[in-house]
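So that you can tell them apart, the chains are marked A, B, C and D in the order they are listed, and the count of residues begins at 1 in each.
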Amino acid sequence: MSMFDKIRDPGFGEKYNSKTKRLINTDGSFNVTRVGEKYHVRDVFQWLINLSWLYFGMLLVLFYISINLIFALLYYVLSPNGLEGIESSISFFTNAFFFSLQTFSTVGYGKMHPIGMMSNAIAAVESLVGLVFYAIVTGVLYSRFSRPKARVAFSKNAIIAPYKEGESLQFRLVNQRSTQLMDIHAKAILMLVDQQHHRQYYRLDLEPSSIQFFPLSWTVVHPITEGSPFYNKAPSFYKDTEGEILIFIRGFDETFSQEVHTRTSYLLKDIVCHAKFSPMFETDHDGEILLHLNKINHYHSANK
Amino acid sequence: MSMFDKIRDPGFGEKYNSKTKRLINTDGSFNVTRVGEKYHVRDVFQWLINLSWLYFGMLLVLFYISINLIFALLYYVLSPNGLEGIESSISFFTNAFFFSLQTFSTVGYGKMHPIGMMSNAIAAVESLVGLVFYAIVTGVLYSRFSRPKARVAFSKNAIIAPYKEGESLQFRLVNQRSTQLMDIHAKAILMLVDQQHHRQYYRLDLEPSSIQFFPLSWTVVHPITEGSPFYNKAPSFYKDTEGEILIFIRGFDETFSQEVHTRTSYLLKDIVCHAKFSPMFETDHDGEILLHLNKINHYHSANK
Amino acid sequence: MSMFDKIRDPGFGEKYNSKTKRLINTDGSFNVTRVGEKYHVRDVFQWLINLSWLYFGMLLVLFYISINLIFALLYYVLSPNGLEGIESSISFFTNAFFFSLQTFSTVGYGKMHPIGMMSNAIAAVESLVGLVFYAIVTGVLYSRFSRPKARVAFSKNAIIAPYKEGESLQFRLVNQRSTQLMDIHAKAILMLVDQQHHRQYYRLDLEPSSIQFFPLSWTVVHPITEGSPFYNKAPSFYKDTEGEILIFIRGFDETFSQEVHTRTSYLLKDIVCHAKFSPMFETDHDGEILLHLNKINHYHSANK
Amino acid sequence: MSMFDKIRDPGFGEKYNSKTKRLINTDGSFNVTRVGEKYHVRDVFQWLINLSWLYFGMLLVLFYISINLIFALLYYVLSPNGLEGIESSISFFTNAFFFSLQTFSTVGYGKMHPIGMMSNAIAAVESLVGLVFYAIVTGVLYSRFSRPKARVAFSKNAIIAPYKEGESLQFRLVNQRSTQLMDIHAKAILMLVDQQHHRQYYRLDLEPSSIQFFPLSWTVVHPITEGSPFYNKAPSFYKDTEGEILIFIRGFDETFSQEVHTRTSYLLKDIVCHAKFSPMFETDHDGEILLHLNKINHYHSANK
């Protein structure tokens, strides 16, 4: 197979003593566990902007309650006589908790207010902490909303489809967001594992390897010509061979005016032979094109 | 016509069973309806930053009133005795609404203030909601202001103008913003529809295809030489042929230090033959160049 | 002169009926007045982030006072009995102004507080306006601080300096900020005006045209070989010819991880013949390199 | 040595009269002292976002206390009777300090509140200053968190390792952050100092010079073939020669969708001959790859 476009290791290593998991998961993540990592403050921020909205919301509420309980405790322990205007019908700690909430949020009704050095000092600290907390929440929320991120859906399977006089490997993708991606480039690398668990990498030529506009779906085509590692392979080859097709996509996100990247992979055993993708779009009676996003995985037998 | 620079589908598809609308509207949008789209939280943010200022302002006010009405209702229903210092001359609900406004905005005059567990708890929730609201408004406003966005005006028509010994297809563009765009690149693709409603794509060579500086207008020229699909075509060709010239522009926005994209298209039937663009700029008596933005569409007969 | 690297108009136009000002000022701006421009909300934001700090501060204070005067007037006119807790020793309008300040800034001491529908409603509007104002100030301040912007100082003059066996045109530049610029590219275009006030453009080859690192100054060199428009020109040529060398620099700002652009120009008559730039940096006794930023314009006669 | 890939000065200068420090420190900084620098407001911002978290926190607290002491002094000096509701058991200055804190943070309990023109005016100024302070803190914190910044660890030493039939110079790098870097490019330049303290620069060819994916470590290889400046050099050459290998890395940070740069250098005397890097990653029993970040510097003798 050395006649094909064998390429250097694109970053995954070549020699392994034992069987490894797939290189790239369908969601684009890698099966690598990082040992001995040291975390910086910035990594906390990264973690916060990558949390799901549900967990982020829960964390926000939890933190809001906890920090106010802590300050309530400080007033309770350090300045038990430092609050004026408290309600006598509820406990001092509860009063201090509500006072803390009013201070932290800078609402400051003033019915309850600090008297004496200690409670005034704690309140001063608390309002600074509140400020920093608000600044961070503003920054995290903004980041969560505004980072450019390609949300491209790939067909679940790659297929072997008729193409000109021969065949081709095909997969397709569609932009899941209504924002426009432009100038999309695709790269495909075939990884095959040999007998010694070593990995070999081959470039798969694509026709075309880029498109200017991406308002519809894009079916990426690798023609199976003599130069292709898939030339003259029977369907059993795909089922029996340990291998993976690494897909790398980059484009320009018009909303953020920034380049975005995404990736996925197809295992050889998940390739469907003799199939054709079903059309994803059609024209309605007004001449408007309807793009059916949920048809991204639809294919049918090529014999039909 | 196969001798010309026929190119692959740039992303719009080739085979259609029926007549479709133009590919790109003059404002750069596509005539594609997305069916089966699932929305994420981030799409709400996108929607907010793409709303017109009028609608955004109205939505902001509406949301501000609604959220405070909701909290007023919560005080009214859950804690009808939980506010102290209310005005007896107006209804409790109105009092609660004003108290809610004072809490949500963190003004907290304190004349009205919560007493008891329930109203204090609602006020605590409200001030957290207020914080998140303010953080989002800050982020959305900043995004609305600060996203790089090319605002390039194109001439309403493309024209066929004399050029050297022959003719050329021309259109022109001008930067509508006073910020500087640099290093502008243009691409033009001709789309022709054949008898079977199939679309064919041809590259149109431009001279030059890029400019370094863009302080004035730029007249983009496609010389109609033997290699051009427009070679030796009569004016009736443009009127009778279903086709569209897709224009794609990219440049570097100096204010944001980011690449920006824009696009438009010209229908063949909108091309004006034997015309010349009128000058858009002139020199005043100080040697200063005056650029007349509203002359972008001005052309005159080439026979004059 | 047609044997030289004559190039197309880089965006300034070619034909002018009368004398025009220089194309690019030394600060990189263009001498173009835009007529008929329509302003968007975003342009206000651009204007705010490009104001000098002095004017921006003055504007901020002025706006803060004005908006509070307006709200004071609203309380005064629409709700003259709507404030409780005012000081009787000062006028109602002054009281309303201070109340407005306390509301707009969300301090809300509460000594003064609104009573009745009208003043409560005005206060509600004011706190929303305050929020939007704060959000905008946050965004504008952040933009003013955080936009990547090259601050490159160019030598005041370009010089004709000895180079190898012949001569060269040279200018130099230095990064004025302590942030790092990397991968700097330079382009130089000569513009000459002919008898008909028409402009001709020539590329000037640079050696090298880019550098990887930019911790020191960079002397950009155009060797005056046979292919150069300056070949065999006497000093009088520079003094008597109407022409301008357009300089365009781009690099990568490491702090912002973004490409930045800057530009300047040299008039032919400002070129100094037979000169050499004086060194801008030296090594101290520790082996540390001292870069003297204020020597950027220093040159001496080449005969010394 | 002129037969090798001698290149132009990449930006460090060539002629020096005396010995200089290394060009690039291991952390990527340059040994250049800038003399005569003028600072802008933006440079303060840069300084704030580059401070360590510890110093930044201390500065924040210090500034918060100082600005409130200043305003306390203003109330004390200009308006000694301007605060109502103060505690008689503590000094007026302390009262004014706490009042200032309540105003600056916009908490505004209201127990203490200004009366008369002067204290109201000071409070109005203070709340505007507070606003600007909060806006700046929000911006600085956001910048500190959100700027893309490559945190790539390089092996402490470069090594001379066996490679194919001959030898190669190798160093390796690993991404210290859990965010993904893609499309990594490496450049290596050898700087040699000749007898006159002049610097000569040579390009070192790398195999490969880029990788697509970077989930693991990357060992960058310069094969020592006939074209290499290291061809047929004995270990003593590295020990005795004054020289430095400049390393420049760029890649695409997927989290921020921006290009990031980093750099380092190796002194020739720090090169270890006849060594091999120990593997940094292994496969666990699940097929998951374990990447040991703390093994980045591990190498062993090549004779083993």
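As a convention for this text, a residue touches a chain if its C-beta (ideal position, glycine included) is under 8 Å from a C-beta of that chain, and two chains touch if they have at least 3 such contacts.
Everything numeric in this text was worked out from a predicted model, so none of it was measured.
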Smallest number of contact steps required from chain A to reach chain C: 1
Rotation angle (°) superposing Cα atoms of chain A on chain B, nearest 5: 90
Centroid-based (C-alpha) most distant chain relative to chain C: A
CA centroid of chain B to CA centroid of chain C, Å: 26
For chain B paired with chain D, centre-to-centre distance based on mean C-alpha positions, whole Å: 37
Sequence positions of chain B contacting 2 or more other chains: 102, 106-110, 134, 138, 142, 149, 256, 258
Category of the chain touch graph - line, ring, star, complete, other: complete
Sites on chain D touched by chain B in the complex: 106, 108-110, 138
Chain D residues touching chain A - in the complex, by the definition given at the top: 53, 60-61, 64, 68, 87, 89-90, 94, 98, 101-102, 105-111, 134, 137-138, 141-142, 144-146, 149, 151, 176-180, 182-184, 207-208, 211-216, 218, 252, 254-258, 281-284, 286-295
Touching residues (chain side chain A, partner chain D) in the complex: 8-13, 16-21, 30-38, 40-43, 45-46, 84-85, 102-103, 106-110, 112-117, 120, 123-124, 127-128, 130-132, 134-136, 138-140, 142-143, 147-149, 187, 189, 246, 248, 253, 256, 258-261
